[in-house]
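Each structure below is given as structure tokens.
First chain A sits with chain B, and in the next complex the same chain sits with chain C.
Presenting the complex of A and B:
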């Protein structure tokens, strides 16, 4: 070994330079930020959130609660990246968090000198007068985790959605440790397609640092071969296509650096950040869960000091990154793994001075007595270690970790008997309190350490058995001769963990027995929680913030739950723990959103004229999935003035509007008429062919679902239009009713996209259409239509080449108006021909003015809460056939006198404006509204604001005075109730009488 | 969920509409549970009344992002296990 050069299995040749808090450091290719900074002698990685204590690196994995970094330069920063997960690349910029102005000197930490200031519930109890809001800005500045990223450049990686890959397989194994790979091996050798997901960049799990042997091979060689052997079978099978391979070749695909993060209804979602960020949706017949176990911390005074680390984490740093502590090391734990670890760490150059084992020899514990001879193994290990100068203190515990800003020594006491206190000088304390299965991903059959098999032999056997069980379930086992025997593995001995809750200490010291290093939750906080009545872990968790940080309590959450039970005199083994939630490692929001952002967030529907609108300043705005032009920029500087110009022009001359978004459903069949009578109030069966009718349909409960026109195309064929946003809903409704009326011979088809619709309105519309068609469209009586075939002036010929045109005399403007229903390809030529004929386009806002003036309804009025009676459609209800919803329309509440009813409103003074959403009261001081304004527009024709509203019918007869109250946006306006039709109530214009 | 026309399809393709009233112990026949618009006595019950059972729920679903068939799904709401999927109204 070359002095000063690190050797680690993850390290590669090549140097990376990076900065941490402005200082430049060097690391090796393959280093994480944690390993490189540790190797550079860095002790402090950040400060805790609440009490701003200096913190080092605690673990070597995603559960890291202390060493959280902000990576990158604003605006492309990522906060709260565990240093242990942050693989370095050249030029990386890292910053510590929760400190100001610097990591070594933090202003807010001075606030802590009051001592024990921030106990649980501190904020709620302290800052309630004069009100939380008075303190919030200051507290928010002090609180928080890292720096939020700014708006990212459009082309930056942060804005690029991850790839999405669907993977199908027979067996998904989560975790490529010994258990997972043993399962994958046996399954693939017997013909299954296996996918293995592994969070780390290498397979092997703990065999990466534990000397271990499987089937007389070094474990990592065996595991690599386990994957390779299955792959060889595939190649063999494909090369000799004529030799029938039996069984079908199996395969193992290992997805490294990929974390299983969620369970969808039919798949497991895994995410890979590295290289090209990818979301995998893995559809597997069977899932084996081999996610392993989480090393647990021990609780003693000062267990948060920089220098205190998890033993398993330190072993990973040593084996994978070649870092061991320079200072004297003490190991502290409650199981046999300590001794093997001590030997390994010594071999890697660490100065291990002592092992503190909480278990005495020859304990009377049932737990240890089971395994005869096991204590002999430990005695032998002790004498071996003592011979090389490692002190072995059994039946002892670390009571206090001493030191100001970093660990200087530990105070060790015997658990039973004498109160002797030993002080051992050291700079590193490596602790291990046993392991708990990782449970964050509740999927599949659990094998390996996740099922409690803590030694290698048991884990491999468990994985193998899991693989065999899968083969049995898939019925493949019987067909297969070659089932390899359970692999024989030897590694570290079974650790024989003896549960140990926490070291003894005085009550006042409990505020330094840490359970959550991110939020500074201590045993003292749990006592406060119990005193306040938060005795269940789920309550205590939220009260104390135990386990609510980015690490989600993976470090101390379970120990905290056990201590919470213990403090209440309950057996800690039965303590309930708070719910573990996926994902194990943090996942960026970008990954969760996937590609469903921006334009891909949802489907977009565009009318055939969309491009024309965009090219002519049409401001298309979303309306359901559709985009519709609101107004045309040429007509005014803003929406309001443009809409006024456009609406005025329709009233004076005329105009055209793109109404292609209307839903269009074709209903056909011998029983189509009878079917429509059951879903529409207005008896479509009585329509003559070539005519249409305004029609309203109800839900089963008597509420209006939608309105539109029904056209009778033939005896057995109808076209129903729906409002733009409701097309799919109405289609579902009709299909539902059809399913229930299976005896009716009728079919329903959505033809929305087959027809573009152009509204042609105003007194000039007849002339324009006469020019176009060569026939006076006023020959059509109102609500009648032509299926037009013949030459179209300047456009072509309708009825040829599948180009269809239907001319319907109906509209939504109150003018003499027509609707042109045409094939999408005809839409643009017609649209342009009509403009040549002198008609200018108008947008949605103008359309709204025109329809409010006429009292026509949209979804502003048809809200899903109103009945046809509320809308003044008594006559239609009376004439209706056996329609859906009529029965429940008879319910008394729909007929009560205070039920709101559609009315028109105008200001009493004829000038004041009031907005939709204003609440209506009878008197200006009434506190309970009796109605509300649904739509309000300024009508240039009438020179005042006109509105539609719902108002209680008993107190709002025609002519009544009401008050429109709008305290947040406007002022109170006196209004009077008028008929909903404000403009041309006799409908002269509709008939073409100008 | 297994659509009678399309086979096993992801749940996102289906849309729940309602729990069918009072057929907890029934045969699960959609026609019997259907909305007969002429029967005034049962209209209220059809829309508003149902027996919530932890073990069995008969529900109307539509395969909206597929063949658009309306389905009668008999399932256990406690476990999510689907007992049967039939066409609503028998034939369509």
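Presenting the complex of A and C:
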């Protein structure tokens, strides 16, 4: 080993340059930010949230609570990245968080001298004078953790959506440590497809740095060989994962840097956020959780000082990244691993000066007795260490970690007996309070350290047994083939953990015994919570903010729950932690969103004319399921003004609108007519071929489901249109009814996308179509249609060949109108030809003006809560045959006088405006509404606001005066009830009489 | 039925779930000698004939005349892509595990990137490739999404086929 050169299993050749808080450092390829900065002598990595105390590095894994960095330059920043997880690349920009103006001096850190002012829940008891709002700007400045990326970051190439992959396997093993791989090995060797997910970039778990042997081989080699011999394909984040074939029977596929975080829809959700980010959905017959165990902290005064670290983390830094503390090191814990660790760290160059073991020799506890020879092993280890200058203090504890901005020494006392204290000078205190199982998926079985098997032999045996159990449970094998013998493993000794919660201290010192290093939650805060009645961990957690930070209580949550119980005099063994909720590990919002970003966030359908609308200022917006143009920019600076222009043009001249979003269902078969009579009120069976009719569908309960047109295409074939966006809903309704009437010979097909629809409206519509068709469309009587097979003028021959066109005399504007139903490929040529003929497009807002003026209905009125009687369709109901919904329409409740009725409204003064949603009351001071405004537009034709509304029948006869109340805007308008048809009530224009 | 194009996409919907003479097993496909799927059975009582030629159209019309079901011209309802090679499989695997979706089947109705879709195996060039049909109005926005999520994928886009 060359002095000054770090040797670590994760390090590669090559220098990496990066900056931290504006200063440039060098690291090695493979370094994390934490390992590189530690190697460069950096001690401080950030500050805590509440008290802004300086923080170093506590762990070496994703549970890191202290060293959180902001990576990148604004706006492309990623906040709250654990330095222990941040693998360096050249040019990386890193910043510490939660400090101003600098990490070394933070203005807000003066808050920590507030002492008892900032206990748990202090914000409920402060900020009264002059008021909370006065403090809000300061609180917003100080609160929070990290900086969010700027809006422009969404378009960054670095934020490409992750890949997605669905994987199916017989067995999913979570964790590629010894237990997990032992299970995978035996399962794959006996024919199962196995997928292993591992959050680290390498397999092996703690065998990466422990000296351990399995079946007479170095453990790490055994593990690699074991899965390789089962036709494994280890994925190391290959450049093109799509070249890697799927697992074959009897193989193992290892997904590295991949974390299983949740169960969703019977599959396991796992994310790989680095090295070709991918979201995995793993469909596994069986799941084994080999997630390992989480090292627990010990609680003592000053346990948050930079220089205090977890022992396991320090071992990982030493073995993987070649870093050991340069200052004198003290180890502190409650198990036998302390001694093996001390020997390893010394071998790596650390100056271990003392071990503080809370367990005395010859203890007679449940955990330590009956371990034949175990104490002898410890005595021998102590002798060995003492011979090289390491002091071993058993039955002792670290009471105080001393220092100001970093650790300088520790105060050690005997747990029982004399109260004498010793001070040991050191710059690094490595603590370990034993292990508890990591959070596992809520399915499958748990093996290995996660099941309490804390030594290698037990973990491997547990994993092997778990794999055998899976083989027996799957039922995939008629008989389990020869099962290989349980591998024999040796490694670190069984730890023999003796539980130890916290060191003794005076009550006033408890405010420096930390349980949550991000939010500065201490034992004193738990006492306050208990005193104020928050005795349950779920309440205490939220009141004190224990475990609500980015680590989600992984570091101190269990210890905190145990101390909470202990403070109440309850056995700590009965303590329960707060409920775990997915995700089990931190996941970026980008990973969760996956490909559902931007235009892909929600599926929105496009008509064949979509591109034309975009190119001509139509600015299509998502309206329900479809992109639709509200208005065309050339007609006005905003929707309101453009809609007025467009609607006025239709009334005066004419216009065209893209109505392709209408749902279209084709119903065919010998019993099609009878079937439609059962689902529509308007008796389609009485239609002649070539004619159409307005039709209303009811639900079984008598409520209006939808309305549209029904066209009779042939004796046994009909086309039904539905409201835009309702096509699938109505199709489902029809199929449901068809299933109940299996004897009827009828079929239904959704042809919505097969037909584009262009509405041609206004006095010039007939002329334009006459030019196009070479025939006067007014030869069609109202509601009749042609299936056009003749030539089209002004439309290229290529645009016509093989295309379909249907000309229907119907509309939604109240003008002389036609609908052109055509093949999608014909839509654009027709659209353009009609414009040449002098008709200009109008958008959805203009269409709304036209239809409200005429009292036509949309989903604003057909709300799913109204009956046809409410809509004034008594005549249609009276003429209807025995169709769906009529029976329950007779229920008395639908005929009560208070039932709503569709009415028209206009302002009494003829000029005030009122909006849809306004509530209707009889008098201006009434507080109980008797209706509401469903649609409201300004009618340029009539020079005033006109509206449709529902109003209770018994108080809203024609001419009645009501009050339209808009409490949100503080506007009340007197309105009068009128007939719903505001414009051309005789329908002269509809008949072409201008 | 109107006779317009000589090549149409057709959907045959039976009055019962099974119709004699048509692929009967769930997900069964009738293939042309070239290996292209010509008649899919993706759902009970439904058959989809992409770009149906004259003989197939006559066959289906004969079934209509026999009272077995109704025939619909659904030209324009779908846009289709041919997916070839491992990258094609990977693109599909983004939305589902092919082995599960096509277990014992040659075709399936599924959802791809929220789009209603039909998927069929295609046995051309001696390899197993796929054809996917996406609802036209949904598929309009798919190419942009596709470019983001699947580089190096061979997509052969058939417009209006």
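Rule of thumb we're sticking to: the second predicted complex is superposed on the first by the 907 of 994 C-alpha atoms of A that agree within 3 Å, B and C clash if a C-alpha of one lies under 4 Å from a C-alpha of the other, contacts with A are read in each partner's own complex, and residues count from 1 in each chain.
Everything below uses one rule, namely that contacts are C-beta pairs under 8 Å (C-beta built on N, C-alpha and C of every residue); 3 or more make two chains touch, one makes a residue touch a chain.
Just so you know, these numbers come straight off a predicted model, no measurement behind them.
Is A:225 contacted by the first partner chain B, the second partner chain C, both or neither?
A:225 sits against neither chain B nor chain C.
Looking at the overlay, does A:883 come into contact with chain B only (first), chain C only (second), both, or neither?
Once the two structures are laid over each other on A, A:883 reaches chain B alone.
For A:804, using the defined touch cut-off, is the partner it touches chain B, chain C, both, or neither? Pick first, second, both or neither.
Second partner only.
With the two complexes superposed on chain A, say which partner A:678 touches: chain B (first), chain C (second), both, or neither.
Touch status of A:678: first partner only.
With the two complexes superposed on chain A, say which partner A:668 touches: chain B (first), chain C (second), both, or neither.
Only chain C is touched by A:668; chain B is not.
Can you tell me whether chain B or chain C touches more residues on chain A?
Tallying touched residues of chain A, the top partner is C.
Go through the superposed model and pick first if A:823 touches only chain B, second if only chain C, both, or neither.
The second partner, chain C, only.
With the two structures laid over each other on chain A, which partner does A:605 touch: chain B (first), chain C (second), both, or neither?
Touch partner of A:605: chain C, not chain B.
So in the superposed three-chain picture, is A:165 touching just chain B, just chain C, both, or none of them (first/second/both/neither)?
Touch status of A:165: second partner only.
After lining up the shared chain so the two structures overlap, which partner does A:915 touch, if you call chain B first and chain C second: first, second, both or neither?
A:915: touches no partner chain.
So in the complex, which bits of chain B are touching chain A?
These residues of chain B touch chain A: 10-12, 15, 17, 30-31, 34-38, 40, 43-44, 46-48, 60, 62, 64, 68-70, 87-92.
In their shared complex, at which residues does chain A touch chain C?
Those residues of chain A that touch chain C are 160-161, 163-168, 240-243, 245-246, 281, 283, 595, 599-600, 602-608, 610, 626, 666, 668-670, 672, 716-717, 744-755, 787, 789, 802-804, 823-825.
Could you list, by residue number, the parts of chain C that touch chain A in their complex?
2, 4-6, 11, 13-15, 45, 67, 69-78, 86-87, 89-90, 93-97, 99-100, 113-115, 135-138, 140-141, 144-145, 148-150, 152, 160
What part of chain A is in contact with chain B in the complex they form?
265-266, 678, 700-701, 728, 732, 735-742, 882-884, 886-888, 891
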